[in-house]
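Given below, in the form of structure tokens, are the structures.
Below are two complexes that have chain A in common, paired first with chain B and then with chain C.
This part shows the complex of A and B:
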């Protein structure tokens, strides 16, 4: 009996702290949770300073979002009459409800930031080329998925921000050539923002988009493994390739003449030496858990001290003044506010130019970049001198977006006029 | 000959099953285009003409301005032509809080991203004496309704 329990426990737990290399490798095969890790991982891939573990941190936030999100579903009612009230209940009537909502909110904003920072890391280390181009594309899809989850998520409280963001957002969609009005009609489930809209965005937010993002996350991580680990190993790989050595022939291979050359047991598929690698369990798993716990505690800390914003209940007749998008979309709001152009008698609305064309071009650039990139070396190194021009392009675009965010978030006042952050803003009657 | 017929039949069999599969996806997608909309009508009644003071009155329910000059009435939409926020009347002009569009007293664009002027809606007097607006039909700028004898 006791032996049985011990065996069972070992089956579940012993691989987490293996006593030998052999146990560590066996753990990967035997344990369900570990089997999607490689048996061995290069020390460079595990380095804190190379990857900064931004992808793992973003994935950790997505775990937190999934768990807190499912818990919020127990209290939230996706109806225009009750949605706002159920958020108020979460804040004032449900024990720790506010904490739960805060954590969901800060994890969501953190995920947007970390997904972008992870992308920047991959770009600056030139880790998106060759076989890794596919995973870069998956990453771009994940960034989009994260943004769509954010957008559908902040509609749900049915407050003023929600209502006007969705009004403006779907009006931007309707500016798209040909399909625009139809897209808006399907998104809203009619011509106005209403119950159908809320329900559609709710289902997208709690099931459809998370399911797609989870599948892509799993594929994203699997591809890291299939591409031989992080690009950080490429300089080492090149080094190992440059030093050819006579591989020992094993008896069976040479005696039976099964295959010429070295045996499969000698050359690792990663092209690295045995000494370059360590067992995934516990070296990789321990760090992943450490990252998860750090990220979890940071969101918890934020949630204890800063409350998630909630504006007044949705009022279809009065727009808040100014009505501002969350920081990760406010650069688009800033763009659409001055990109309307008049060419003779033709007017192109800012909704089309700043809301669809500019983001569309940025997205196309992200998708095409790995294929336009001609450089062959400098993979897996931060800010390689050979990539100076490419990195400059990325930095400039990022800086422009950050400047637009700063202008939109801090310098825009009532009626979207420009004010210095310290200059007084006119006090206006709230409702006409 | 025989194998050709078999191949054709096999292709038809598999193809029809696949076609049914695709058609079902299409049917599911079609469900997302609502056939019945529970939306307010585009023609609706406002209040009696006597209710409105001289000048600009905002109707929050219908998101429009009723503008009265003596006995003449006209109606201008309060929905910004840029991206749909509600504009506010500021004594001399309409300003939008979302992206800073500005319109003059007749709804023409002064500055900002709005691509078109604010539309004027057709206005009439219903048999029961209430003002009636058809928000689906725009009228040219300057059109107005003169109410000769006011009921109070």
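This part shows the complex of A and C:
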């Protein structure tokens, strides 16, 4: 019965099953979209439990964001007069407009979260060492790119939430010594958030940043191949190296011809036995499809039932109480509010410490970590005992950030006072 | 023969792919249904029947379902209220006893001076014109600052809906000395003169300077008022009402006298205060002030902006 369904399914949706290794390899090499995959991948790197496929999930979100984003561009007008109205039109009058907007929004927030979780996975598996250090740096750039994409997109609806989040966010940035105010001036195109800011953020958001992130993603993928595949294969490689050596004779070698060194073609299968590997097509491609479909379904599900926030139109003269940065920056706002000290009439702003020093130090630590890591052979396995101390440091910092985000995003009420989610918050006065 | 490794992978993933595909189709079906099952569709279906019932077969046949809107960029009006409030222009043909939202608009004497196709609905009623479901249109929600001036809101302020609406009439009719259909505001305008408020206060550059300027009093953020001495509802409207009755209680040590006025006068003045806002309507939507002598509260036509 199950076999019958499976055969039917094959007929309907998956008619192709390679008869030989050669056919499988050619399916990869000859396909414009697939040729940057290796012809063969190790079974370990395909496993769910090693990579959790978080990077692929993040990439899936980026594809969704690009497609929905381009569709949104047909409706959105980046002017302070029309921006808010065009979002309202999307919500109430454009066919599937609300779904489109929701999906773009939830995919964007998801991508920030997934890029971070993917980074945590890479960290805990110690997969950033040796030649992979470069890819870690590319990853750091991708994380920053993702954050900046989210941040610039946040302003575009031109509602109160957007306007004040960007105002709060850029005020934190202006705390940087010497360059801060100038940086803010350049970013905003003036001294306050206005039409110039909207236009700048729009261009950054729909053209400049996506282009940069796409190029970086492509390079990121290329690096994964150049580095010989995921670090998951390193323990296996070490094992095989220890065994009596026999040159692996996979068919893909004859396809490309043997080249010395770690050329693209050879690196992926170097040092592994044929039995350690499977053909990328259809095994890798099928699983990528599955990850993409799952991620797509999740964003669709969220978008059908939860609406992206949109408040009243931006109003520079009415500050919402409280005004919050977007959630992925709210931990910085929280830090700033903690480190701001009032001594009588003197206020020492925490902006420098919370807004610049802490994130600066964290960023520097991220960049330098692969070069400071002294552990020897704990690559490609989760929670290697040798890396216990580093992992503990990472966990503590992450936990602190998450706690600050939770406090900032959920527990902060009017006047930036703390409230439990279930305790009543003061009802702010209304007009009528 | 031992199973090939990729066969085991296929077996692992196959069921999930099928499941995810089915979920995908299910979600798309929900999305399509949502797109079709809009809040306005049942009203439009009913309205078609109402038209046929009233003998307007031609109109019933021509009636096409879809979002309807009154669009006037000069006023910034995008009012989709009429997707549901379908009978508004059918006074005299359709019975006034139809249930909301199909009821013809109340036939007020001044309505022909504000044709619907130019004025839409929200300049008088407020609410969220963009919205195509009743809750969002009437209440806004999610930080929308201008909820529709409903009966419920009016009751909360102790005035009638028609009186509450006058607050918005006065956005445009600010410089009229008195306007038909705006009794509460007219009363307030005479009180301003009678009580000599402009000895201390200034409005549009006229009056005294010993008290806050009131030109744009209606724009003041609720959080800028001190509610610590307010007994009733924490609304700006109520702040003004209590302040007009006993300024000294609301703002201790204020120079403003305790007027001790009857509540209806205080409410009328509160409506007037809330109507004094910065309005960006183009001049053709601001009625020409009457040629009657100018008063301080309805100052010069030359400062028309």
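Assume the second predicted complex is superposed on the first by the 379 of 432 C-alpha atoms of A that agree within 3 Å, B and C clash if a C-alpha of one lies under 4 Å from a C-alpha of the other, contacts with A are read in each partner's own complex, and residues count from 1 in each chain.
The rule is simple: a residue touches a chain if its C-beta (ideal position, glycine included) is under 8 Å from a C-beta of that chain, and two chains touch if they have at least 3 such contacts.
Because the structure is a prediction, the values reported are computed rather than measured.
Visitor: Quick check on the superposed pair: does A:191 touch chain B, chain C, both, or neither? Answer first, second, both or neither.
Guide: After superposing on A, A:191 lies in contact with chain B but is clear of chain C.
Visitor: Tell me the contact category for A:278 with respect to chain B and chain C: first, second, both or neither.
Guide: Only chain C is touched by A:278; chain B is not.
Visitor: Looking at A:304, would you say it contacts chain B, chain C, both, or neither? Reply first, second, both or neither.
Guide: In the superposed model, A:304 contacts chain C only, not chain B.
Visitor: Counting only touches as set out at the top, which of chain B and chain C does A:171 meet: first, second, both, neither?
Guide: Touch partner of A:171: chain B, not chain C.
Visitor: Which of the two partners, first being chain B and second being chain C, lies in contact with A:417: first, second, both, or neither?
Guide: Once the two structures are laid over each other on A, A:417 reaches chain B alone.
Visitor: With the two complexes superposed on chain A, say which partner A:339 touches: chain B (first), chain C (second), both, or neither.
Guide: first
Visitor: Given the touch rule stated above, what does A:6 touch, chain B (first), chain C (second), both, or neither?
Guide: In the superposed model, A:6 contacts chain C only, not chain B.
Visitor: First (chain B), second (chain C), both or neither: which does A:320 touch?
Guide: Touch partners of A:320: chain B and chain C.
Visitor: Kindly list the residues of chain A that each of chain B and chain C touches, one partner per complex.
Guide: In chain A, residues 317-318, 320-321, 431-432 are touched by chain B and also by chain C.
Visitor: Can you list the chain A residues touching chain C in their complex?
Guide: By the definition above, chain A touches chain C via 5-6, 9, 13, 43, 46, 85, 88-89, 91-93, 95-96, 99, 159-161, 275, 278-279, 282-283, 286-287, 289-290, 293-294, 296-297, 300-301, 304, 309-312, 315, 317-318, 320-321, 427-432.
Visitor: Could you pull out which chain C residues touch chain A in their complex?
Guide: 5-6, 9-10, 13-14, 16-18, 20-21, 23-24, 27-28, 30-31, 34-35, 67, 69, 78, 80, 130-133, 136, 140, 142-145, 147, 149, 153, 156-157, 164, 219, 221-223, 225, 227, 234-237, 239, 274
Visitor: For chain A, which residues are in contact with chain B within the complex?
Guide: The contact residues of chain A facing chain B are 164, 167-168, 171-172, 185-186, 189-192, 194-196, 316-323, 333, 336-340, 347-351, 355, 414-417, 431-432.
Visitor: In the complex, go through chain B and note every residue touching chain A.
Guide: So the residues of chain B touching chain A come out as 32-34, 37-39, 58, 60-61, 63, 82-86, 88-89, 95-100, 112-116.
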